[in-house]
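I'd like to ask you about the structure that follows.
Order of writing sets the labels: A, B, C, D, E and F. Residues in every chain begin at 1.
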Amino acid sequence: MSKIVTFGEVMLRLSTDNYRKIQQSDIFRASYAGSELNVAVSLANFGEQTYFVTKLPKNILGDTVISVLNRFNVNSKFIKYDNNRLGTYYVERGASQRPTKVIYDRKFSSIALAKSLDFNWEQIFKGADWFHFSGITPALSDELTEICFQACVKAKEMGVKISCDLNYRSKLWSKDKASEVMKRFMPYINILIANEEDAKVIFNYEYSDQSSIDMKSYEYIIREVFNRNSFDKVFFTLRESLNSTINGWSSISCDKQGISRSKKYDIYIVDRLGGGDSFAAGIIYSELKSYCTKDQLEFATAASCLKHTINDDFNLSSVEDVKNLLESDGNARIKR
Amino acid sequence: MSKIVTFGEVMLRLSTDNYRKIQQSDIFRASYAGSELNVAVSLANFGEQTYFVTKLPKNILGDTVISVLNRFNVNSKFIKYDNNRLGTYYVERGASQRPTKVIYDRKFSSIALAKSLDFNWEQIFKGADWFHFSGITPALSDELTEICFQACVKAKEMGVKISCDLNYRSKLWSKDKASEVMKRFMPYINILIANEEDAKVIFNYEYSDQSSIDMKSYEYIIREVFNRNSFDKVFFTLRESLNSTINGWSSISCDKQGISRSKKYDIYIVDRLGGGDSFAAGIIYSELKSYCTKDQLEFATAASCLKHTINDDFNLSSVEDVKNLLESDGNARIKR
Amino acid sequence: MSKIVTFGEVMLRLSTDNYRKIQQSDIFRASYAGSELNVAVSLANFGEQTYFVTKLPKNILGDTVISVLNRFNVNSKFIKYDNNRLGTYYVERGASQRPTKVIYDRKFSSIALAKSLDFNWEQIFKGADWFHFSGITPALSDELTEICFQACVKAKEMGVKISCDLNYRSKLWSKDKASEVMKRFMPYINILIANEEDAKVIFNYEYSDQSSIDMKSYEYIIREVFNRNSFDKVFFTLRESLNSTINGWSSISCDKQGISRSKKYDIYIVDRLGGGDSFAAGIIYSELKSYCTKDQLEFATAASCLKHTINDDFNLSSVEDVKNLLESDGNARIKR
Amino acid sequence: MSKIVTFGEVMLRLSTDNYRKIQQSDIFRASYAGSELNVAVSLANFGEQTYFVTKLPKNILGDTVISVLNRFNVNSKFIKYDNNRLGTYYVERGASQRPTKVIYDRKFSSIALAKSLDFNWEQIFKGADWFHFSGITPALSDELTEICFQACVKAKEMGVKISCDLNYRSKLWSKDKASEVMKRFMPYINILIANEEDAKVIFNYEYSDQSSIDMKSYEYIIREVFNRNSFDKVFFTLRESLNSTINGWSSISCDKQGISRSKKYDIYIVDRLGGGDSFAAGIIYSELKSYCTKDQLEFATAASCLKHTINDDFNLSSVEDVKNLLESDGNARIKR
Amino acid sequence: MSKIVTFGEVMLRLSTDNYRKIQQSDIFRASYAGSELNVAVSLANFGEQTYFVTKLPKNILGDTVISVLNRFNVNSKFIKYDNNRLGTYYVERGASQRPTKVIYDRKFSSIALAKSLDFNWEQIFKGADWFHFSGITPALSDELTEICFQACVKAKEMGVKISCDLNYRSKLWSKDKASEVMKRFMPYINILIANEEDAKVIFNYEYSDQSSIDMKSYEYIIREVFNRNSFDKVFFTLRESLNSTINGWSSISCDKQGISRSKKYDIYIVDRLGGGDSFAAGIIYSELKSYCTKDQLEFATAASCLKHTINDDFNLSSVEDVKNLLESDGNARIKR
Amino acid sequence: MSKIVTFGEVMLRLSTDNYRKIQQSDIFRASYAGSELNVAVSLANFGEQTYFVTKLPKNILGDTVISVLNRFNVNSKFIKYDNNRLGTYYVERGASQRPTKVIYDRKFSSIALAKSLDFNWEQIFKGADWFHFSGITPALSDELTEICFQACVKAKEMGVKISCDLNYRSKLWSKDKASEVMKRFMPYINILIANEEDAKVIFNYEYSDQSSIDMKSYEYIIREVFNRNSFDKVFFTLRESLNSTINGWSSISCDKQGISRSKKYDIYIVDRLGGGDSFAAGIIYSELKSYCTKDQLEFATAASCLKHTINDDFNLSSVEDVKNLLESDGNARIKR
């Protein structure tokens, strides 16, 4: 069992039911999620020892977040508290040609208002093997950028490997600011995870439509990103958005051995939120288990394929579930 | 903002949940709908000023209909009341090879028993730009046929343009009667909307199966219908019923410039009821905004494609939603 | 109306809702089902007179089973009672690449503990035309094997025709034991129903993956099974498990006239449990109505195609529903 | 087991959930009920052989009614069919000081349009011990009045005992007409069941408020009703409507031995519809089992007390449940 | 029809279902409410012309608020928009000895950040008869205090009568600040509404427990408040909190004629939020209809009694519903 | 924080919703509970360190139990696994005069089949302060009796204090056997918890009805039980079962200082299962915190009063919630 630390925001997710629009909904389904928590939960489901670091309001909602972490075996002992708020987001599930819409209400949350002194990284990283964060965390505030940077410096110093998922969110910061800030982090990162679109934003490639996949352009960019930085490995997820109901899902990697491509899954989507996070968890797990890069790619792609079939953000699949998918070619025969 | 009047029946719709058969259902989802109200609601969502004309029972159900109209910004001031009943219909949602079933219980409703004196068309049409009705309204009773006819005469007299969706319902009248009655209305109609099947019934073409689309036959019929009548434009929706889960959906038009064909959408259906009505609303909106016929066709087809992804009869899409679909090619990428 | 007797276990089925995993579910949908009851209910829906024979606990759950049988017109007068338990099973509905999981909790049930003296087959079969059981019933206990065998002997003696669905369940017995026991039953059976996989287990052919269909191998095995036994007819269902959401579904038969193949349906699955049972019911119904083998095959395949679109195990389709599907080619046009 | 025939209307009942007003409800709970069917179902739950006579539309709703009767062991073989409609009613459940509201939509139903020739009472009453109807049935139409009258004449002729629950419904007919018509039936009736209010309407006593119970006035009226008619026994239910949440519930009887009074129950109401019908069923059951009048009164009052704690119109209590209440004094200790 | 303006905040209300604690809830019921909107909706249900003034975010949630106002006939034309957030609050419904808990997440909302220039009171009050606000509105920010004050000054200037409900919220400001600020408003207010507790806070009386009602102390305080200020009338609601399930509910008034007391209702609570607001609406309605003070008191108390029996904050009762309660003494007999 | 060990069975609880009878339910609410787990969860909610010892099946249901324990901070590290089953029980929630019914299906569960070697009590009790079990655990099998006895012997040896809740279950063993077995345990027990009825069974007093409370008889029995055994303290809960909706709830204690009585709560019940267990948890907590006996009694009674207002078996109240109730006298004023 490795010890893995993730750092970021957790929010209350309020989702409409049965493809209803928000305007039609007098019920919301409630769950609690956030990019880095999603990674931690998936790794805990894979059997790893995980710690999620954040700041929460000290009220019933904050308490409920803790019970969610407990339930999924994610350690909460480094979490801090104040009297601000828990961010929320609303998910209006699309169908067919109608897109899913996500509305964030995350400003002024406890984590967004956190201070550098809240987190003692030396203590947090004691005995840790891995640190993961996404581009959302530094985007929450300038202070968070600094906190994240301090974490990276300390992790590197203490020999803790670092993965980062670029996760660009246009509602949180501009492309220019994101690019400028995120580039500061790159020297500290061992494994970079991204989708093509975010990679283009951060590394200043030109944008093109993602709905069909231009494999050549993908390979060009991932090679460039790998060559111009000091990463051990780079992984890109490739989402082919046919419509809200069916997506193609695959990935590519680049390391010193060159480029690999995963199998592609055509997925009937139950819930696509957390898809990228479950891919990151698959990469971290397989890295810690010393899979070769190609096997990593297949493991993480299969894991995140399964995530798309599970409600809410968390990937509740076990390593066994992922291996069954890898062995079965996705026929999903009934298990009696 | 144009002023648009629609006239017809509104019913309580009782739908089974989650593909359950009526026999399995101890719950029905309740909504309120009717072909011409569906058109009015969609136009109101597009930002137009709409009036729905009907007759309702003066009881809690009638009051609830009014609150539904209010909610969707449809003006109810020309609605009349009595002590009869609100029609109902039951929807058993099919799946895959199992067809959706609709059971109507609409006889003896307040609107079916309405009298000519209930509606003062001169007053109703004051300042109006458009009048819309479907073939369901004259089918409700002989008196309704006359009321509808009076409305058309008055609209023409007052310079109000008229659209009609043929909407043949075999439970309400025979093909022969429908054909005979509806032909009386044709000289008053500026824009005719239909599906191929209804056009055949009303204009006495031979019937053939709709499950795959014979484009040649469609073009022949629409041209004939246009040539032998005085319409400004004719629009046909083309539904390719692959099964209850997926339908092909497109449309063709015919005007003096000839025939146009829309893009075809393959739709994973959430709810197909009201699909034709949302097409009619798209046509009326784009007509009032002076789109060219081809753009009208694409706008209305995209609008009604979105309707199929929304629960209940109403198209809750905005003009912006429709334009996003037209620009995105249906990839439905998530909106954060 | 023919009189048909089926014999086996009925259980409480607890299913998660809306693709949730068991771990995520604080609600289970409850229904009552079992292979041979499913057959009886489908035949009752086809208008036949059916009797279901089992043993139940005398408590609220046993009483509820009786009210379910009443509701679906299945006669319960030969059912016996004790103070043991009703078996349960849990269904976690999969989606896309995630398989459906079924967990059985059926040990020590009233029927599994039944004794030979509980059932007076002479009385039960008086006036009966048909007896059906599946390979699950003899697998419940050694005593049940004997009871089943006694039933077959008595049925044959009284001129009651017998059908058997192999229905191998690896949780109940080993392949070797199943093969040994089931072969004892073969001489009594008029119509054998199976899927390829179960046929291989029982008749000792080598196993290969079922996810894509190797038609040649199927034809070889069904011919072998027919030739080496004394059945009137053999029917195999062929499931192409593309994923949890879409399955191909067809069937083949073998009798003295040789092999026939049915149309194949691509099914968007609502609920696949009871699919095989509804096929068996279609075969029995069409046999009793003297359909030719090819028509039987098509009828039973269409019937069981519809079952996949209906929640819970029972096929609630009528003969008319099945005939509509056969005539419509599955386009599932709306029925108003 | 006695054979009991009841005659009347069955409707689809649509109820709001969780005290919501109709205006707030996008869900209705569906069940099927009607005064005389409620009586039949309760008697079937008591173990009696019951037949319900009515006329239904031949559609999915009519079929579903039949499956409901099957489920509760009520024989449907004398039911007739046409192509009219099934009546519906809407129940808005009140709470505390807010009254429950019931909206009927029952006009033009199949039973309301039934004809005298639909029912062969000689055949229906063959071997019957008891006939029950309520004042609702003759109120449905003049033809129904005659049919009901023919049933009473034939029942008397064939020695079948008759009970009638006055059940005055002001929406169906005026007090004057109800009084005039119902009095024609009185000579045929062995057991009369009513509440004070209905008795006053039918037998022309002055009306006063029912919210608190004036026992003296009750006793005076029941004695008068008994003395001036030829009934064997008269039973009145006494409802003390404290508010929508709590009702007092008791009853009094009058026969040749004089007046008896039952225990009074203070009931926290789950669903009060069908309360009077369950009382009638208790009276009929206990009459057929030859209880003394006082025991009848207690049995029927306890039975109908339990009904108030059960959702929907049917009393699903068994004789054992009723006896447990009679013995326990209503403490409702948990049964493990 | 009078024209009434109310001014304040509207929030998304998220309530747990069926007495579940927030920690146990994976579903929240969604509605939209706020003290002054609740007053406006109730007055609209009474048939008055109402305007609700606030500031909303321009997103799906803001749009949904508008559709809620439309639905309940509350005019939204003076509402302003920005890109901040809609406040939310969470309601954990208590039961018996367990209290209901409300968690507010209302900071940084669009209305809390509104500026003086957003509202042109001269235009808003044109033709208005009444202006209502509660102590929550000035508590939202210092700017809101000023805006509210400007509104009062302008209203007085234009002859618009003013009512204020003290509505002290300890989460928003201290007792001292509330007292200081609210006293500035008093000279402008015609009708003051409060509960005893808030009156004590604002007018600096000593606090005592509210669970049982000390009528003498109430009368003393209301008289003092009336005598020491220039109000036309003062109304206090009196809540006897027996437990979460049952509350006593009554009110007292003081004007030049002295003190009056209303009837007391013992209420089985469905939802107590909005209870005070519905009382305020009853007072305003009856004032505009020139009821005498005692009749006002009874009307408003009955109206707000009914509110407690209705889910969510809005009082959906009509004037007729209130009058029925006043005439029936709360027996809540079923309405068929 | 004290370390507390509890030992017993956990089952899947399947409850009907909204007062529905099992026969009416197509949905069950799922939770996981058992007397000793309920105690552990309540103590964990009070902030104590708790360990629950049992044996579970190694399947999805067993895994889900573990995630439930995690969620509520109950340590599962001493739990053993096999391939048997998880017991289930069905709860049909009563109302008013209709009793709640519980049907157990717990035979042949993993824990009932556990062996002495499964549990190393020396290891389990290392550092423990308290051991709790109820009379259900030894009743599960003769082997469980021995295991329980070994646990008591070892606890005593290691200085771990022991509490026992008699919890007699007539479905598991006879009164005679229960009395004989349980008496063997008494010398090891420091704190005995019971209700009057169970005490009578185990200590051979005569039985009388529990619906009204005869305080004298209670005092007599508790004194006798205390005097004739070596307990430090004895606590009895007193339930006055007025009906299924309202219960009186109080308790008495006996120790060397004599008898104390708690305040009595009249509770509107949400869910009474687990009521006794939450009382036991309150006693253990207050004992470990060195409350005086009278304060213990009040704390545990208030804690268990709150439990009755919470769905499912667990008392989710915090120490602060209990103290608020003790201070507020149960008025349950809203917490904003």
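As a working rule, contacts are C-beta pairs under 8 Å (C-beta built on N, C-alpha and C of every residue); 3 or more make two chains touch, one makes a residue touch a chain.
None of these values were measured; they are calculated from a predicted model.
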- Chain of greatest Cα-centre distance to chain A: D
- More Cb-Cb contact pairs, comparing C-F against D-E, go to D-E
- Cα superposition of chain A onto its copy chain B, rotation angle rounded to the nearest 5 degrees, comes out at 120
- Message: What's the distance between the Cα centroids of chain C and chain D, rounded to whole Å?
- Response: 43
- Item | Overlap residues in chain C, where contacts from two or more other chains coincide | 18, 23, 26, 67, 101
- Which part of chain F faces chain A closely enough to touch in the complex? 67-68, 70-73
- Which of the residues in chain D come into contact with chain B in the complex? 14, 22-23, 25-31, 59-61, 63-64, 67, 85-86, 88, 90, 92, 101, 103, 105, 107-108
- Query: Can you list the chain F residues touching chain E in their complex?
  - Reply: 17-18, 265, 267-270, 302, 305-306, 308-312, 316-317, 321, 324-325, 328-336
- Message: Could you list, by residue number, the parts of chain C that touch chain A in their complex?
- Response: 18-21, 23-24, 94-102, 104, 169-171, 209-211, 241-246, 272
